[in-house]
Each structure stands twice: as structure tokens, then as C-alpha cells.
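Okay, so chain A shows up in both of these, paired with chain B first and chain C after.
Here is the complex of A and B:
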């Protein structure tokens, strides 16, 4: 290399100053090749310290800087900013942690000093191999594609569309509203679901910045945050349309577990065994009737249908069943309503009050561990269930099954198209289950509502609004985005085209160029995690800020 | 977009995530926090379900981002005193208590603790350990700068006016007794309230033996006992040092009294059982629950893995913690009417989540309503879960009702979306 390296050791007051012999450190490194200056300072992160460093970088005409101080977590950014202000590329600065890793770890001053010298030497040899990296700026498209026109999709569009942001909704069925269309009402106190949805659809139709494609499907979508190219297949024979958007929201909702999968439930075989959606339909038309046209005198509402099969709780069914029980008690005189449940899952603050209200109406609650079978018996339906190892039975006129929520039929296809991972339940996997509940690993692709897992309407609305919050803050009209610069690059001459890297990339940043037979990293998507570098059998992929040579030389010096 | 400032009240996960997202949108944020540190309740947990991630490690990068973000001005030890509604903004008066330690000068070396002559209960550690009158709540607190408690510092409370033990120990000129509490007025275009929750107080309830028997703990006490940065550095030691052979974890503490399910206790109780299996592998663990509420796509798996580890789940109707032959004995009646008696060396109570203690005062100051349980009311819980009756004031996280971390964050992000539209 040609250049001047400056090494600055921070005393961090007594933290390093008293635990490490800094003069000895300076003496050991001052004569190393290319080290122009090696100096100590009281507290480099203080305002005086930062000023001092900036002046030094200019005065000594440094090309590379090593700072031996604290953890990069504390002050790497601080010193990179100082370098930038001094006109030095911030990636030519290396922070060496001699506080946490030397001074605080090793009580023996001499040993701590020895270790610090090795670490600083390692930092010097590494920094001399650093490349100046420059942030690129990319223009963004602020428009958004929403896949799915249910309540989540509608709410997302309503929360986003405006003067400087157009939203496209692509819905595969002929009308908007999704599954909520099939529900009779929200909770009894909250009015009809249909009018809620209609109100939202009316607002949506009045919004000139929302374009709706019903009976349509997204057949291709590729790109990255700010720049996606999407192909929409419109209707049966209406052809394709290409659009450009900056973000994609997957709001493809859910399907219901089919109780016919388990013959014990009797659906399709036993008369008057229906699903909760069929009951909702009867409630909507106010015709809750048996096959013989008479109103039922007794009903069993059966919870958790499909829970064991699917392995998770759908969390909305308990409340929804309570709602239906409430309705039945109100509308059918002297009707006997029994809920057969496992555990009541009422995790929202208003749920328990509602449960108590339903209980007061005379709805009975029977706990069961398992439904054994549902069959016709003596003109009625017998529901046999197990509790604490014992079998019990009740007879009713009508049995209503409440099936679990499962991923929608299309979710797999859409996930594949967008390169999104699914979790073991088949729902879309969050970027981080705790901290990023509506983001996916693909930057610019979000998910909302039941595409991520079972949810009630308010939770779906919150998630829709949350995707809007994220998109409005990341795609700002006129503002460019700056992707990560410490990315991976493929050296085409070494790439054998084995595509191992494609399978390990969490962010979907790598694609395969079939003409050249090599992998290609999209630098706008790559986050520089290095998984591909580690996995590449021929060493063809290189991380720009963690090259093999940099790491090798660094380790070599540390061990020497 | 008009560039108004936004105030976020409460620096837990919801408040921090909201602030970062607002800053990303180019909005200037005033993040107000009552305590001396940011991070809220999450940083008290060693690990969080269902992936058993280290919570402090998970949140630390967010805390750092908040503290380093130039568009977020964090006011610690601060509370809202007055909010005046103007035509399209709010004028907020903040009371900022003195820290007596300079955030700029202090490097967090902790040299000031030892010389301080005053020892106090550490409330952050659920009083399981002592701290000095100059202290940080726990190792790793961010910002890593101590606070002097003026009520107990001998110099500041006037008992020994010339004490300067901490000041002399500080090599960075960071201790500053001349700091004063101050009132600051800030104009903001919108306010997001993310003041979180408290835990239901188990002390007044006689039947659980809390306070009567030393080895009855609350879940939060247990969290600190288990934490690597807690009072025992993660060592599971009982208050009376006895060995642990049998443990009872009791769910739903306060549910009946409060009239709602908190939605998170079953899962955090199962998490505690998994912790215990790890730290006390030979102990028998009994979970006493009413209804299992495990509403998440991966939660049932977590529950089943807890069961597979040998944790005994018992459904109860009534429960009582008493003593027999000098040992703690849990008596519970099951749903089928049968009684069970189980001896336990340690009992952990899993209390409900309740509104934060300042909720009522804050609601009055803001002019927004509360729901029947004392949480902040939103305009329509079903359809506008973040909007209050006051234009420009939004609620997110547990301030609105009990919820887990991802739901709190989703609500915070939803509030940000609403704020950004509101400011347009």
C-alpha cells in the first residue's frame, strides 16, 4: 500500500490508561510499516477528542486510521462521522476494542498490554487493505401494490393513497371485502360487518389514487425497495398490465380448515352439522333453520375444530362463537345453546365482559379435551366428547363446527413469487417475529393481517396501518434511498454456477444469470450478512468489507 | 408534508420503535421517559418467548439507535405536566428532573458507586438487591449514566451538606450537584402515548401467601432473579437459601379481580417453567392454570415443548397457598371437584397486566378518556385501534391494553402511519 496510517489510543480515563501501558503500546507500533503517527489521547469520544482527531486527520494527511478504544458498538459510528467530516472515507477507519477485550478482561497489566499490541497490529494490517466504499443513492417509486382486497388490503390502501402515492389493489375474486363479507356482524354491539366493509369500499371508490383490479392476479413481481416491476393478469381474457411500485403488501388473508378432513366431525355426512360460516350465512339472512325447515331447539357450538390437526390456536374463534351464541339466544325463543370448548382464549381487554354477558343469557359451557364423533342418532345429532379420560355425550338438533384458520390457498404461490419464507404453519414468516411483526425478510415487501397468521379484525386493521406507517416513512416522495455498501460481490471467473448462495441468502438478493451461468448479487438488496461468502464452495463470492485477505491478515497479526 | 415535531411519551419498545420510524420519515421526535433509562419493561427479561431470544441483546441495538439518532431528542426523568391544544398543534409542558450527572461527561465507568455511603432498595430489581444513592438501575442500562436520588443523597437531602464522595471519585467531572429540575415547553403536531403497563399488585391478596412466605415470588421478581444482569447474576437462590425441589407457578393472578385476561401470562408462565428446567433441572414444576390462552401461530408448539420437558400442568378452579409442617403447600380444587395438595419450595405468581400507575393523571392532562379497565380508550376499539377522541393524540402498546411485544410494535407503527397522515 501507499499511504499514511494514523493510530490513536484512547485512555478512556483510567479505564484503559491505568490498565494498559499505553506508552509501551505506542512504542511497539510506531515503527510498523506505513504508520505515520501513533499517539494517545485522554478521551477521544469527548467533543475535544473528536475535534483533535479531525484536526489530526487533516494535519497528518492520513489515508487510514486505527482507533484503539472501546467497543465498536459504542463509538464506531462516532469515529466514522469524524472521518467523514475530515474528508476521509469512513470505511478507511478501523476501531480496535482494547477496553472490553483487553483492559477490562485481563487484570495483569503486562498481559493486557501485550494483547492490546497484537490487536492494534491486527487492526493496522486490516485497515491497510480497506477499500473506500461509497454510498449510492437510488430514486424511489412511492406507489404501492397491495395483493388481496380483504379488510387488511382495503385498510392498507386507505392508509396510504394520496396526492403523491398511488395504490393498486389486486384481488383474485370479483369483489372486495374478503372473508369479512361472509360474517354476519362484528360483535353485537358493533353493528353489521357488511355495512362496515361497504363504508370502507365506498371511501375507497371515491379515492382517485386507488386503482382496483378485481378478478385479477399478480403473476410476476421482482425488484427491491423503491423499485418493483409487477405484472398483473387482469381477469380471464383481459390481458396483462405492467406496473411499477416501490413496495408490495401481501394481504392474502386466510382459509378455513376443512372439517371433512376428519370424518369424526360428521360434516357432509350428518344432516344439520354445519360450519360456523354456514351459520353466519343463516344469521345474515335471519333463517337459522334445520334441514326440515324448522328452527333448532338446541345447538352445540364446537370450538377448536382443526386445532389438534394444525397445531396452533386460531385465537379468534372463541369470541366469534360467543357472538353467535349471543345471537341465537336473542333470536330463537327458548333455544338451548351449548358451547363445547377446550380452553377459552379471550386475550383482549373487552372479551371477558362479553363472555360474562353471554353466560348470563344462559349459554352452557362444556369443557372437552377431544371430540370423539358426531353422528345422527334418534332424529337428533349426538356429540360425543372426552373429558379427563371419560367419554360423555350430548344430543342436539344442530351442531356448528368452528374450524381453525389456515394459510390461504395462494399464499405458497405468492411467497414463492416474492421469495418470502413461510413458517412451519404455512403462514408468511415475519422478518423478526418480535421486533418486525409486519416486515418480511425482503426489504420493501410487507405483509398484513391473516397472511401472517390468525388474527381478528382490529388486529388486521392495526397491521394494515402499521405497513402504511412503514411505507410512508421509507418511501418519501423526492427522497432517495441509500442501500448498504458493505455488500457481497461475485467474481464471475470463479463462479461455477452451483447456486448454493441462492439457497442461503435470507434477503433474496442473489439471482442466477442463465446466459453467463453465474450468480448475480443485487447490491440494492444485499445487506452484507456474508452467508453467501461462507457457503460458496469455490470462493467466488467476496464481501467488500470482509475480504479473505483482510480477515487472514487480521487474524495472522493477532496470533503472531 | 409539513415538518411538525412529534412527541412520544414512554420509551419502551413501542415508544422506541415509533420514534425511530418517525425519525426515518424525517420528523423531529421528542421522546419523553419518566425513568432514568430507556427500554421499558422488556429489558428486564432475560429471554422472551417463543424463541427464547435474549431480550436485552434484542433491544440494545434499538436503544442505541434511539440514543444516537440526531432527530430523536430523548428527555429522561421527564413527565408531562400540561398540554394546551392550539389550532393545529399542542403546547406541552415537560418537567425534567435533575439527574445530577452529566450525560455528556460521564463514560459509565461506575467509579462513583462504591464511595457513596447511602444504600437503598433497588426498585428496578424488584427490591431484590441494594443500590447506592448514585446508581444505574442495572448493568447495561442505557444510557449508561448513573442518577443521583435527591431524596436519599446525603448532600442533596441536606443531611450531610459537604458530602462529595461520588464527585471526588469521578475522573470526568460528570457529577454536577448544581443541576436543577426544569420545566420545558415544546410545541408538537402530534402525540403518541406509549406508557406501557404495570403488574397487578399481589400484596393485598392473602390467599397467595405473598409477603407472608419468603419463597413466594412474583413473575417480575423471578425475571430479575433469572437475569444475568440481575441481583444474583442469574443464580437461582431463594430468599431463605433453601434448595429447590418443587416449584409451583400460578397463572391468572388478578384476572378475577380485574375482569379481563391479559393474554400474555400463560405464555410467560410457560417460559418461566422452561427457564426453571434449565436452571433447576431436577426440580418438579407444576403450572396451575385456568384456561390456556396461547393465541399465536407458534405458541402451541412452545407450550407443548414445555410439557414435554416434564412440566406438570394442573387446571384449577380455586387455589390457596398455605403452610404445612413448615413447608409451603399449594391447595387447589380442580374442575371435577377434586382437591390436590402440592408441596413447593418456591411459588411464582403470574399477575395480570394493569394500566401504568400514571395513566389516569396523564389521561387528564391529555384530555383523553380511559376505558372501563383504566387503559387508554381508543375511539373505536374494533375499527380505529390507535386513534383517540382528540385529534393528533394516538395510543399504542400496552397503554391501550395488555399485549405482547409484536402486537405493541405493530400498534406503534400503525400510530406512526396515522401521525404522518395527520401531519400532512
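Here is the complex of A and C:
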């Protein structure tokens, strides 16, 4: 190489200064090839230190800089910014970690000094191979596609749509509102009427910045944050429409576990065994009646249908069942209501009070580990269940099954289309369950509501608003985005077209060019993990800033 | 094997978990043996087989690959690729007459400073016990 490398060792106060013999370090590296200056400084990340570095880079006409200081996780960005101010490409700076992984873990000063020299030599050797990388700027489309017109989708659209942002909602059924619209009413502490949901739908329909496609499906969506191309299949015979958006929100909601999968529940075989949604319908029309047209004198409301089969708690059914028990007690004189539950899930602040209120009305609660059998017996229904190994039985006129929430039928197809992972339950997997609960691993694709797992209406609304917030802050009108630059590139002359890289790229960033017979990396999608580089059998893929030769140099210095 | 043998170990650490775990070991002032030299990569899946083999053929007494725990990879699946490559490398090492025990794969998360120190210290002890990479004595193998 031709160039001037500047090496600056930070004392970091006593942190490095007292643990490593910096003068010895400087002496060992000062005469290495291309090292023009090797100096020490008290605290390089301080304002004085940054000013000093900037002046040095200019004065010494440095082409590459090695800073031996703290972990790159701490101050890599700081020193890259300094380089930029000094007119040096920030990727020509290498921060060598001689604090956390040297001074602080090797108590013996001599050994620590030796290690620091080794690391700095590796940094010098590596930096001389660095290439200037420039962040590209890409225009973004700020419009958003929302898949699913349930409460999460509606709320996302309402929070996002505005003068500079259009929202497209694609709903597969003929109307908006999703499952929330099928309920007879909401919980008292959620606002007692469903008109609240209808009001949201009306507001949405009036919003000129929201375009609604009902009876429609998304058949293709490809691209990356700021630039997605989407194809919508409109209705049965209404043809296709192509749109461009900057982000996609998956709000595909949930379906209900079909209790017919387990014959023990008696659904479809035994008269007057119904599902909770069928009961909601009866309550809505105020006709809670048996098959013979008479009102039931006793009902069993059965929780946790599918809890064992699916392996998780759906956490919203308990409250919904309490709500229905409350209604039945109020509307049918002297009716006997029994709830049979496995887990009673009352997680929110108003839930316990509501449960106690329902209990005071005379609703009975029986704990069961398993529903053994539901069958017709003596003109009634016998519900046999097990608790602590013992079989018990009650007889009722009507049995209402509350099935578990399961991923919606389309979610798998949509996940495949967008490259999204599913978790073992089949719901969409969050980018991070705790820290990024609404992001997916694919940048620009978000999820909200029950597409991520069972949720009640307020929780779905919170997620919808959070998703909207996330999109508003990442897709700003007029502002360009700068994708990762430490990405992979295919050297076409070495590529054999085996397409191994396509199969390992989690983000779908690599495609195959059939005319040239080579793989092509879409740099806007690539996250720079290097999986493709590691797996390429012909060494045709290069990882910018983590090239084979750069790592090889580090290996050689480690072995010196 | 001489008693003052100081092994040279190359450690490839993924940026998101293991490198951060190593930083934590340092900031918690845990004592870590100085024989392992860290090379940072974005993901353990970046390490191609020939980089590991080159290190061993050039005389590394040991190579450690450390990444995020299964299921925790910053890039979702990278550590699984690293694991498969590791299994393959062990076989290749046998055929090259390089002792497979000189290569280790470990999962160290960003919060496992203590685990990092334990992994490195234990591996350093094992390699010290094994003695120098025989390639030093017989560069033809």
C-alpha cells in the first residue's frame, strides 16, 4: 500500500494508562511499515481528544487511522464521526479494543502490554486493506400497506394516514372490523358498546388518505424498507392492482381452534353444544335458545378448549366468558351458569373486580384439568371432566365451548411471501420478543395485533399505534434512508451459480441472474451478516469491511 | 511440551453476543488468560472453513468460534450455519491429521461475561495441556 497510517493510543485515564505500558507499545509499533505517527493521548473520546484527533488527521495527512482504546461497541461511531469531519472516509479508521478485552481482563501488566501490541499490529495490518465505503442514499416511499382490516389494521391505518402518507388496507373478507365486530358487546371497562368499533370504521371510510380493498388479497410483495412493490388481487374477477409502498404491516389477526378436531368436545355431534362465537351471535340477536326453541335453564361455559392441544393460553377468552356469563345471568331468569376452566387468566387491573362481580351473581366456577367427554344424556348434556385425577360430571341444557386463538389461515402464506419467520405456535415471530415486540426480522415489515399471538382489543390497539409510530419515525417524507454499507458483493467471475447463498440468506437479499448464471446481492436488503460469504464454496462473495484478506491478516498477527 | 508453553489461540467472536460478552467480562474485571486473540466478525456464520483451517495450518494451537445461543442469533439463523460448518470442520481436521479438539464452538451471550471468561480459560487450559500444534514440528502434515 501507499499511505500514512496514524496510530493513537488512548490512556482512557487510568483505565489503560495504568494497566498497559503505553510507551513500550508505541516503541513496538512506531517502526512498522506505513506507520507515520504513533502517539498517546489522555482521553480521546473527550472533546479535547476529538479535536486533537481531527487536527492530527489533517496535519499528518493520514490515509488510515488506528485508534487503540475501548470496545468498538463503545466509541467506534464517535471516531468515525471525527474522521468524517477531518475529511477522511470513516471506514478507513480501525478501533482496536485494548481496554475491555485487554487492560481490564489481563492483570499482569507485561502480558497485557504484549497483548495490546498484538491487537494493534493486527489493527494496522487490517486497516491498510480497508476500502473507503460510502453510504448510498435512497429515496423512500412513505405510503404503507396494511394486510388485514381488523381492529389492529384499522388502528394502524388511522394512526398513519395523512397529507403525506397514504395507507392501503387489504382485507380478505367483505367488511372491515374483523373478529371484534362479531362480538355481542365489549367488556364494561372497555366501553360497553360496539359502536366504538363502528365509529372507527366510519372514520376510516371517510379518510381520503386511506384506500380500502375488501374481498381482496395481497398476492405478491417484494422489496425493502422504503421500497416495496405489491400486487393486490381485487375480489374474484376485479383483476390485479400494483402499488408501491415503503412499509408493510401484517395485521392478519387470528382464527379459532376448531373443537371438532377433538371428538370429546361433542361439537357437531351433540345438540346444544355451541362455540362462544355462536353464543355471541345469539346474544346479539337476543335469542339465546335451545334447539327446541326454549331458553336454557342451565349452561356450562367451557374455557380452555384447545389449550392442551395448542400448548398456550389464549389469555382473552376468560374475560369474554365472564362477560357472557354476566349477560346470561341478567337476561335469563333463574338460569344456572357454570364455568369450567383449566387456567383462569385475569391479568389486567379491572379484571379481578369483574370476576368477583360475576361470582356474586351466582356463577359457579369449577376447575378441571381436562374435558373427558361431552355427550347427550337423558335429554340434557353431560359434561365429564377430570380434576386431580378424579372424574366428575355435570348436566346442563347447553354447553358453550371457548376455543383457543390460532394463527389465521393465511398467515403462513403471507409469512412465506414476506420472508417472515413463524414461532412454534405458528404465529409470526417478533424480531425480539422483549425488546422489539412489533418489529419483524425484515426491515420495513411490521406486525401488530393477533398476527403475533393472542391479544385483547386494547393490546391490539397499543401495538397498532406503536407500529404506526415506528413507521412514522423511519419513513419521513422527503428524507432519504441510508442502508447498511458493510454488505456482501458477488464477484461474478468466481460465481459458479450454485445458489447456496440464496438458501442461506435469511433476508432474501440474494437473487439469481439466469442470463449471467450468477448470484446478485441487493445491497439495500443485505444486513451484512456474512452467512453467504461463509457458505460460498467458490469464495465468490466478498463481505465489505470483513473481507477474507482483512480477517486473514488478523489471524496472522494473532499467530505472530 | 515445555512448561512455559504459551499457546496461540484465535477466537472468532460474533459482534452481537460473544464480542459483547467478552467486553462484559472485561468491564466486570474478570481475569481471562491472555492466550486467545479476538477477531471480531458480524456473525459466526461469516467464518468460512478455510479461514479456520488456515489458522490451524499456520500454527494456531487452538481456534474458538463463539456466537449467540441457538435461537438468539442477531441474524436469526447464522449460528446454526456456524454449527453445521463446525461439525464439518471437525471431520476435515481428522483427515488433515489436525487434532479436532483444537477447534471449539461455544455460545456466549452479551450478558454472559462470566461464561466468556470460563470458556476462554477452560479452552486455554485444555490447549496448554495438549501442547503446541504438531504442525510446528512437522510442517508437512
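Keep in mind that, in the parts below, the second predicted complex is superposed on the first by the 546 of 560 C-alpha atoms of A that agree within 3 Å, B and C clash if a C-alpha of one lies under 4 Å from a C-alpha of the other, contacts with A are read in each partner's own complex, and residues count from 1 in each chain.
Following the convention adopted for this analysis, a residue touches a chain if its C-beta (ideal position, glycine included) is under 8 Å from a C-beta of that chain, and two chains touch if they have at least 3 such contacts.
Everything quoted here is computed from the prediction, not taken from an experiment.
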item: Partner chain(s) touched by A:530 [first = chain B, second = chain C, both, neither]; value: second
item: Which of chain B and chain C A:315 touches, first, second, both or neither; value: first
item: Comparing the two partners chain B and chain C, which touches a greater set of residues in chain A; value: B
item: Touched partner set for A:513, first chain B, second chain C, both or neither; value: neither
item: Which of chain B and chain C A:73 touches, first, second, both or neither; value: both
item: Chain B versus chain C as contact partner of A:546, first or second or both or neither; value: second
item: Partner chain in contact with A:348 - chain B first, chain C second, else both or neither; value: first
item: Touching partner for A:105 - first (chain B), second (chain C), both, neither; value: second
item: Chain B and chain C contact sites that coincide on chain A, given as residue numbers; value: 73
item: Chain C residues within the chain A interface of the complex; value: 8, 10, 15, 19-20, 22-27, 29-32, 34, 37-43, 45-48, 50-51, 54-55, 58-60, 74-78, 81-82, 85, 117
item: Of chain A, residues touching chain B in the complex; value: 12-15, 43, 45-47, 73, 77, 159, 162, 186-187, 190, 196, 307, 311-313, 315, 343-353, 367, 388, 423-425, 427, 430, 433-438, 453-454, 457-459, 461-470, 472-474, 476, 479
item: Residues of chain B touching chain A in the complex; value: 13, 17, 21-22, 24-26, 48, 50-51, 53, 58, 60, 62, 64, 68, 104-105, 107, 109, 111, 171-172, 255, 259-264, 291-301, 335-336, 371-373, 375, 381-386, 401-402, 405-407, 409-418, 420-421, 424
item: List of chain A residues in touch with chain C within their complex; value: 71-73, 97, 99-108, 111-112, 114-115, 118-119, 122, 421, 441, 486, 504, 506, 527-531, 533-536, 539, 543, 546, 548, 551-552, 554-559
